[in-house]
Amino acid sequence: VELTMYYPVAVGGPLTNIVDGLVDDFEEQNPDIKVNAIYAGNYNDARIKALAALKSGEPAQTSVMFSIDTYELIEQGAIVAFDDIVETKEEKEWLKSFYPALMENGQTQGKTWGIPFQRSTIVMYYNKDAFRAAGLDPETPPATWDELVAAGKKLTKDGQWGAMIPSTGYPYWMFGALSMQNDQVLMNSDGNETYFDAPATIEALEFWKDLGSKHGIMPEGTIEWGTLRQNFLEGKTAMMWHSTGNLSVVKKNAKFDFGVAMLPAQKRRGTPTGGGNFYIFEKTTAEERKATMKLIRFLTEPKRTAEWSMKTGYLATMPAAYETEEMKKYVADFPPAAVARDQLEFATAELSTYQNGRVRKLLDDAIQAALTGSKSPAEALEDAQKQADRLLKRYR
Amino acid sequence: MSAIELQSISKIWGATTAVDNVSFSIDQGTFAVLLGPSGCGKSTSLRMISGLEEISQGKLIIDGKDMTTASPAERHLSMVFQNYALFPHLNVEENILFGLKVRKTPRHLQNERLSKVAQQVGLEQLLDRKPAQLSGGQRQRVALARAIIAENPICLMDEPLSNLDAKLRHIMRVEIRALQQRLGMTVIYVTHDQAEAMSMADKVILMCNGKVEQEGTPEELYNKPATTFAAAFIGTPPMNLIDPIACNLGKTMPQNGQDEFLIGIRPEDITLSDTKGLKAELVSADYLGADTVVTARINDQEILVRTPGKVTIAEPVSTRLQWHEEAVHIFDKSTGKRNDKVKVQSF
Amino acid sequence: MISIIKRQKISFSIESSAAYFLAFLWVLPLIYALWAAFHPAEYATRFELFAPLTLSNFATAWEQAPFARYFLNTFLLVTSILLVQFVLCTLAAYSFARFEFPGKSIAFGLVLIQLMIMPEVLIVENYTTMSNLGLVDSILAIGLPYMASAFGIFLLRQTFKTIPHELEDAAKIEGCSLWQILWKVYVPLARPTYVAFGLVSISYHWNNFLWPLVITNSVTTRPLTVGLAIFGAPESGVDWSIITAGTLLAVAPLLVAFLLFQRQFVQSFMHAGIK
Amino acid sequence: MKHVSTQHQLYGWLLLLPATLFLLAFTYYPTLATLAKSFFSQGTAIRPAEFVGLENYTFMLEDDVFWRVAWNNVIYALFTIPISIALALMMAVWVNSRLKFKSLARMSFFLPTMLPMIAVANIWLFFYTPEIGLIDQVTSIFGAESQNWLGDPDTVLGCIIVITIWKEAGFFMIFYLAALQTLSPELEEAARLEGASRWYYFRRVMFPLLMPTTLFVLINAIINSFKLVDHLFILTKGGPDNASSLLLYYIYEVAFSFLDQAYASTLTVILLAILAIIAIGQFVFLDKKVHYQ
Amino acid sequence: MSAIELQSISKIWGATTAVDNVSFSIDQGTFAVLLGPSGCGKSTSLRMISGLEEISQGKLIIDGKDMTTASPAERHLSMVFQNYALFPHLNVEENILFGLKVRKTPRHLQNERLSKVAQQVGLEQLLDRKPAQLSGGQRQRVALARAIIAENPICLMDEPLSNLDAKLRHIMRVEIRALQQRLGMTVIYVTHDQAEAMSMADKVILMCNGKVEQEGTPEELYNKPATTFAAAFIGTPPMNLIDPIACNLGKTMPQNGQDEFLIGIRPEDITLSDTKGLKAELVSADYLGADTVVTARINDQEILVRTPGKVTIAEPVSTRLQWHEEAVHIFDKSTGKRNDKVKVQSF
């Protein structure tokens, strides 16, 4: 059987090489299955390519795509639910072996459509040296919004900001964390309703904006996702919120003592998950599905998941992975690697609805409009909600 | 047998008739010149002969065969163009051999002919130059070489010397003429320069407005211009055409119908005299080294006189003009045609 | 009198300085790329005169992607596009320049419209066409939409029009057929235009990104730019050292070729009468 | 005689045929298909596309983002076109003058044409990044505040415009340079004899004589102002809040992020219409452009 | 006082010395012609006078003032260029007024002068045409008008007629000369066409290899060429330069040093005779209408003879050549310089 798999790359490092290595291992163990693993650009590109390929009858059996693409893919009739494929008890067990928070985005209509693979959450990186210099305890990073502001004020000085939360690239994702911390989810689990104009949501956005305009611990305007890491590494900010996917690069390049912490809480702790899931395409023969299952199961074996996590910085997607010897050792040597796992307890799905691209962009635009001051947070979010309602009405 | 014969050939473009019912024939080995002012249809005639232009009406016979609709290649002609039409990307050798290569002449024949032709036109040393690296005269020679290497019996040339300066033009004229005679080619040569026509042609075909005005040897055209047009077109400075009444020539002429004629006298046939002849006033002089062209004036009519040596005229002087009886040409005023019946007296 | 000459000299030197300054600004990105690529990552955004030099960025970049294969792909892509463009454009331009036929000006107008409707706009439809033809993920598919270049047709037509009719006449008299005239007279005489157009075409397709990204799936077809995007995507956080090293690797052949032949290129542009 | 000319016509068409086939397949057919799609709704597996008439167009008229993006594109064109043309002209004049290192300067100006935008955008990202970026590093020497170039809606479009000008000017310079070389130096000498200054000569003689080139360049610049969006993919993704988004980028977003091909087709039709109008203008002008001499 | 004076002026480009220590002066109101073969430095000299080219060495005096380093505009000169240098985008009127506009001459003065100048050169009807819509001669007139409207006393012209055809060239020559005289301008006129120089100049400055070869009136140059170069350069056909020994001229010359001289005789000074004179063979003839240039040959040396009327030579015929004593010019063979001390006898 020949399988074609698309996968995106969204973090630094030679990810393609790692994937190729994994695929080679798989082929060795399963000589009757040939896998073409195709790097397909970023998440967006991967989805475009996969959908276009399907439409044109190009054979592809599985793809790693954005975890939040689920509704879109369902609407396009592109994917099948794993519940319809799994047969054995063992396989059903396997479905339950992942962290529930990571499964959320892949589940709707009571079925599981996506299996977590390259997944991440947001964590807070902070510069311990800067903490020391500002007279803060480097081992107790701020755990609440108030503490964040207070610490930020102490850390802000000429040429160094207190904190930075990126607001390009995936602003809705960062915002998902803030609103969660304010105990408000952004959408329902059917993906046909959003809560952009809920008071708690507005409050969260106000807080984000205030970090810059009121408290002055963060630059005003938007903050670039791509260059933020460099800013942090150059000591231009003492704290940054970023994907766990950056952990290995930061670890490699930081010339100072740095720490990783869970995101601070307001009403509760919270972070959305993120990253890519495995999907299986509709247009596949039973035989292909079987082979694909084999592949996915191979790639999500705890041992391999642990290895994957250590090499890339992505989360290990199941508790079992953290129980492996190697992982234990790794976490012991490098405690920050455990933060993301520990935070999973508080994690939720990231923003995912029908018309996901549009809805997401509505929120992104609203956030950026508020941060750059062209609209007030309330105004921006109310507008976004209105339009989102219009889009999602027909899915209710 | 004529090498080329045009039978009532016309060229019509929409409303304009560029060539109008032209007939003439050219004998083998003749150097024929198509002469005429700009726009009279010389090039068009030549291009119809070459096949580059379709013939609208009439018939073209080459070497006894009807070639009215044949393609240029079938006519076995050579042609030398005004701007030489050398291929700028090919060197001299490649330019000369272009036609032979197209026709896939065997290599050794090519080389043989090349060395012969190159020697004939004196290009042996320059075979690997590009046209841009040649002087005007050398380019002209390449164009000639390309035309003669095909050994076609007929060669057409469209103002091939008009881009050269006076000195070079003279040299090339002699060369072309010599080559033509040596190779016994039939040449049809287009020019609007009458001096060129006079010095080269065995036969001149003078055209005007798409029609043939006069046909003949250079001397015939010079000595017996058939029309005022021919009279004025040939000779430098051109023949003076004088209104006999305006110039008080009355007494030398038959009394009746004086106003129906024009009198033509060539500048070199007039002599200046202090004592006898027509009274005139000299107004300006144009010194040419060996001789001077003097402008004389009689009642607003200007008459040119060519006189040897240097003459300077600071301010108008009175003089008298004289000529021989035989020097006088008479034309009908209305038709412009030559009239040899009327006789005038000398002074 | 002297003062006027002096004043001219002064104003000329001011102008020269302005010109050099602008030129400096224009190469600044390249200078930075060189800096970042040849220094360790910690110096990517800091400039110290004696920062240590390194080639490791190139090594890393080279390892992260099969550059050799990408080079080959890009090379195949660019040359095949160029060849077909030359043939198609030559034929069409010759037709437009020297033939009269009904509908010619309409046809020419339609061609010019393609000058505006670049394939970039029609990616979606073109993808469908390619998959119908079964060409997705092939180098051919990257090239196809660009092969009938309106720009090339236009340029060549202009050049062909400036070639004296006499040359064509001379060739006819020598017995050339239509094809021989085209091949022996027009094509060699338009060489500067071919070079100039070639330069534009090569740099365009060497640098083209969007369409190749969409239509290619595998290492065996992906051109350099798409390969470069692995480093380029800011999602992963920008690592300038590696990006610049990769960029330099990708553009090096083109840059070197341009440096070596720049005189010829620029002169071709001038002779091509592109104006 | 008649058949010669029909043969001639036939040859004309035959020579055109191969190019025509390609144009049909990859330009005209997709264009028409796009037009057709713009009258249908977005089709999904669950809801197949259906004919909706002008609904997509009315939606467009109400779409704030569309207007924002269209306006951005107008600004983008209004700045990039004249500035890059003016710079190109200036560069060409410099490079054509007695400048000492003119081939070096010429190469510098032409360099951006050789570099892929997708790669170069990252380098510009470095220039614009606040605090650690080159611009901020330089301005901080003079004590200026750090500026969030790409994060501020007021400056972001300007940043994009600068990159585009940088990319384009050198390319256009080549065209001007070629035209300048065909100007007879005698003209300048004649003007100098009359006591005309360099500026007077430029204004009254050189510039008017370069008009046909300017026209050609102008049309290219207009096209590019709709076409050059590669850098957006890296630099801003159209943000913040669409402040730097352009029409083609928005089309890409709608088609490939929103998966709404119907609406993308509608926007494409608008873009095509704009470009077609320019194309016709080009046909009218370029072919009948003023030929002095 | 001289209007223009060049004092030992040189132009050096790296290794080449284009103009080498040239001195001459031109009086006010004079029509001076710089004559010489291509590449001899005529244009360069003119451009140094105009200020378009820097002067490497020497001094330039205009109207008594040192203008060696002045800018072109300060020299108050006009110039007519070879290709006219008309601004193609401006119409005739704007072209003519270009300089006045640069200098911000008041509007009414502009109009006044324009109408005067336009009338002088006969362009009244064409003021709103673009140069592309004009014929060669008309363009030439526009260039002239632009040069004279500034009313600068000095006008420089660099081969202004070389792009016109022969007929037009003749007409324009006369026009330019008349205009110069009417306006009393000082003109320096560059040409390589000796006929042009002869017919227009008050003073000819003959250059060769960057140096002045001879200076004088046209007649001086024609009648007393200072060097063999001048002798061969001026006159059509040029003067025959004969080696006395090769041509058996021995008996007419002093016995000693025969091999040190060359004898020059103009073609028009030689007459053909059957009875007396130097034996020669006529080999070819070039018919020009009014007269014929015959090529005679003595022992491989060709001698041109100009003779009136038509002569045809089908095959070589014997003849004898005769000339007057005064027609003979003698030059030193080694230096090429004229030698008036030696005398030769006639036949």
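Each chain gets a letter, A, B, C, D and E, in the order it is written, and its residues are counted from 1.
Heads up, the rule we're going with is that a residue touches a chain if its C-beta (ideal position, glycine included) is under 8 Å from a C-beta of that chain, and two chains touch if they have at least 3 such contacts.
Not measured: the values here are computed from a predicted model.
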| item | value |
| --- | --- |
| Labels of chains that are neighbours to chain A and to chain C | D |
| Chain-chain pair with the highest tally of contacting C-beta pairs | C-D |
| Most central chain, judged by mean C-alpha position against the global CA mean | C |
| Length of the line joining the C-alpha centres of chain A and chain E, rounded to whole Å | 90 |
| Inter-chain centre distance, chain C versus chain D - centres from mean C-alpha coordinates, in Å | 15 |
| Centroid distance [mean C-alpha coordinates] between chain B and chain A, Å | 92 |
| Chain B and chain D: spacing of chain centres that average the CA atoms, whole Å | 57 |
| Chain B: positions in contact with at least two other chains | none |
| For chain A, residues contacting two or more additional chains | 48, 169, 224, 226-227, 230, 234 |
| Residues within chain C bordering two or more other chains | 44-45, 128, 229, 233-234, 238, 240 |
| Touch list for chain D against partner chain A, complex | 44-46, 65, 125-126, 129-133, 146, 148, 150-153, 236-237, 239-243, 253, 256-260 |
| Residues of chain E that touch chain B when the two form their complex | 162, 165-166, 174, 192-195, 198-199, 218-219, 222, 234-237, 266-268, 284, 286-291, 306, 308, 310 |
| Residue ranges of chain E touching chain D (in the complex, touch as defined) | 50-52, 71-73, 77-79, 81-83, 85, 87-89, 98-99, 102-103, 130-132, 146, 150 |
| Complex interface listing, chain C residues touching chain A | 41-42, 44-46, 63-65, 127-128, 130-132, 136-137, 213-214, 217-218, 226, 229-230, 233-240 |
| Chain D residues within the chain E interface of the complex | 184, 186-187, 189-196, 200, 204-205, 208-209, 211, 290-293 |
